[in-house]
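Read from first to last, the chains carry the letters A, B, C and D; within each, the first residue is number 1.
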Amino acid sequence: MKQTTVIRLKKVELDRPVLIEGLPGVGHVGKLVADHIVAELKAEKIMEIYSPHLPPQVLVQGDGTIRLVRNEVYAYRAKNGRDMLIIVGDHQSVTNEGHYELCGVFLDIAEEFGVERIYTIGGYGVGQLVETDSVLGACTGKEFVDELSGYGVEFRENEPGGGIVGISGVLLGLAKLRGIEAACLMGITSGYLVDPKSAQSVLKVLCKIFGLDLNMQALQDRAAEMEKIVAKLREMEQGQQPYESTTSEDDLRYIG
Amino acid sequence: MKQTTVIRLKKVELDRPVLIEGLPGVGHVGKLVADHIVAELKAEKIMEIYSPHLPPQVLVQGDGTIRLVRNEVYAYRAKNGRDMLIIVGDHQSVTNEGHYELCGVFLDIAEEFGVERIYTIGGYGVGQLVETDSVLGACTGKEFVDELSGYGVEFRENEPGGGIVGISGVLLGLAKLRGIEAACLMGITSGYLVDPKSAQSVLKVLCKIFGLDLNMQALQDRAAEMEKIVAKLREMEQGQQPYESTTSEDDLRYIG
Amino acid sequence: MKQTTVIRLKKVELDRPVLIEGLPGVGHVGKLVADHIVAELKAEKIMEIYSPHLPPQVLVQGDGTIRLVRNEVYAYRAKNGRDMLIIVGDHQSVTNEGHYELCGVFLDIAEEFGVERIYTIGGYGVGQLVETDSVLGACTGKEFVDELSGYGVEFRENEPGGGIVGISGVLLGLAKLRGIEAACLMGITSGYLVDPKSAQSVLKVLCKIFGLDLNMQALQDRAAEMEKIVAKLREMEQGQQPYESTTSEDDLRYIG
Amino acid sequence: MKQTTVIRLKKVELDRPVLIEGLPGVGHVGKLVADHIVAELKAEKIMEIYSPHLPPQVLVQGDGTIRLVRNEVYAYRAKNGRDMLIIVGDHQSVTNEGHYELCGVFLDIAEEFGVERIYTIGGYGVGQLVETDSVLGACTGKEFVDELSGYGVEFRENEPGGGIVGISGVLLGLAKLRGIEAACLMGITSGYLVDPKSAQSVLKVLCKIFGLDLNMQALQDRAAEMEKIVAKLREMEQGQQPYESTTSEDDLRYIG
């Protein structure tokens, strides 16, 4: 395989869908959000995308079967409300050029379905444990900024200072060049841990935007577990106490 | 040379062969197994594969002559039993894209010979010295999992947790996309040392599967030597004794 | 996007323009100089250049909108004096091959406009804080060396010893192969800090060469701020005093 | 520039020349030898080779002019004896694939001139200061090994253990695939310092092979200077004395 390859599993008709992208990144916020939407909306997988720019790796599933790492496109046909395309996956590109190439492939798909708006989801790592449900935004155009401000998305001057790196950034940038409106929603997170709480904050904003009423139990459960771990980490930090054996190995499986 | 190049040395007819791949990797388990099969079955080299994705390196042989690092395809025509194609070599790809490209080349060869099943061989590094003859498996499909379980191959939920990285993984993943059944057999090994004992465990499973009766003396001899080294390493570890001069340089040549 | 892409925003006629390149590099000298020229001459943006060899990143602007990292070409039509093309941008290539590819693109543009002379601007990092307004030069030909010597540009045997690495070097090298005269002007700088003072030194030389009378206030203001910081750094170095809280966070925003 | 580019400066007729390659590498042995041959034989430059796989860098020459890093081909027409093509240059490829690509280019040139034998020159780093004029060899074929043994070239089993990495290795390997005889001559060297003494050893062997009588003064002078430095380093090592100021900066310019 020398080229990025799109395998089409199913043909669907969608009415001017929005595209939501959530691949693994800072705090896994994007992946948590997009996976949750796919699960709750029972969206249907319509494409698999394989690429030599993804890691050379297969994943081993619970039943002993494998699958090559990939990105996937899911389709959701709304009864009332917005149709959606959702991009999820195991990894982002591991090469510099791969980010540009894969975003080009995603945008070709978006244009094929007449997508007019793209939402990319990520985490904004601030380097310390934080208690906030702020969601930071960045958009291709000023009206989109104003519109999202109305949903509580924050736009802070010079943040993120380093720009947005990786798929969520490049997809915005290349969408702008093709005249497609796009926004990145970033949950604020420490950047050290998988952060289902930050994912919830972003998801709430998306639900408001699309008038969706999604069950958040799964994310809440994971967030509750992470909070216990975070509480312990804080204790250890403050008391400089040695690692306590009461934190079971099981809890820690959620870190990283 | 800008492209992966296949040099065909000999034309052979094979009857629905299986393909076995064993290139250097964790514990060199794959390479030890595949090289042993080639030697014991007196399989015949039919192709050499050169690629700019292999290291830029020649090997110097005992007589002062060199050869470019490469992968090789051997053919075995069984009197009774299964015909085989065996892929061996000096190195795996050293670039990300190279893994995908070389696996594509291997699968083209597999399809040319009508291969229906592929076995990739690797080591599963657990990070500590272990005494086990367990062989871990991963397959493209559930029936294959069940079949291999019958030969004693273990399938453990969430193991290997990091998936299978490199040629043995990608070959499985891309085979699945082409509709070819494939399995990876992984000998459990520390990951620190060349492990002929772990290779023996995998080889025994393969012999059962194919009804082969291979002489294992060569691997046993190497395993015995490694065990002596391991025993000394254990001693040193436990007693925190300084390195003893009784471990000759000669012994250590087998490490790494 | 698999290829470097040039987006043409405006058609302009220029009379045998010179090309000035100033992208981020050592001390950001090149970028400071070229950005200042663009601002003071009110040069007009005529092209945007996007490339998979630039980092996979968008920048977030003050109003919450983003843009993909890029290089830009500005045109200046002189009332009297030299017409100019100025190349500025957010980043240099992050891949080895990308430097060669992007320089090829820049030279195609230069040839299209009949450019006969190219000036690339950079910093020459000497590894310690320096007080000098020396500008070091390197040229494609000896007559150009002599000519620039007349403007006070210094040519020192074996400096820079390591040659000129990156876009400012490769552009010179490839220009020579195409028969276009080119020079690199390097402001001497520590290499540790953004250096608007060094940029001013280079700018003064350029003004002499082109008979320009540019307002330098903006660079002077930044230089004055940096000098305060440098003074504090020197104090700390000499007195080995701990970091003083009187250096506000605000000051330090200019470093790096 | 997206492709390796060969610029032909002069057309020459050669009678079944040998090709000698000496690019920078371990101890700079190859470069010292090839540059010395070019200078002493007054060989003529006939080609320049530029490539995006070389570093993105120009070199600044004594008179302030620059040139892009490159490889060069020189031709020597012998009055009596062997015609020669000599490949010299500033750098080897800095990418993995570049080694394969550039060697392909070199071999195309070799075939164009009817080259039947290639000599690549390198250093064999042993990791400590050594006093030896041994030259280690490796060849594409056994007869060539025997022939070179007659000239005092040593062939040691399993040395170099790690094979030959880089241009000198790949050129041998790819030459073999094209049916061109090739040998690598390696001067034994510490690997820490530029080693003109080791270069002399290799040069003496080459002179014997080709019946040449080259003046070695230039290499002898550099070797004498290096010996003084090495002597001082040894002293410092044994006496664990602090660095003495009698080692002038000037001496050290020859290191590295």
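Operating definition for what follows: a residue touches a chain if its C-beta (ideal position, glycine included) is under 8 Å from a C-beta of that chain, and two chains touch if they have at least 3 such contacts.
Remember, predicted model here, so these are calculated numbers, not experimental data.
One rotation lays the C-alpha atoms of chain B on chain D, and its angle is 90 degrees to the nearest 5. On a Cα centroid basis, the chain most remote from chain C in this structure is B. Chain C and chain D have Cα centroids separated by 37 Å. Between chain B and chain C the centroid-to-centroid distance comes to 53 Å (mean Cα coordinates, whole Å). Across the assembly, chain D contributes no residue that touches 2 or more other chains. In this structure, the chains touch in the following pairs: A-B, A-C, B-D, C-D.
Only residues 93, 96-97, 99-101, 103-104, 137-142, 145, 155, 157-160, 162-167, 169-170, 172-174, 176-177, 184 of chain D touch chain B when the two sit together in their complex.
Listed in rising order, the residues of chain B touching chain D in the complex are 1-2, 7, 50, 52-53, 55-60, 62-69, 94-95.
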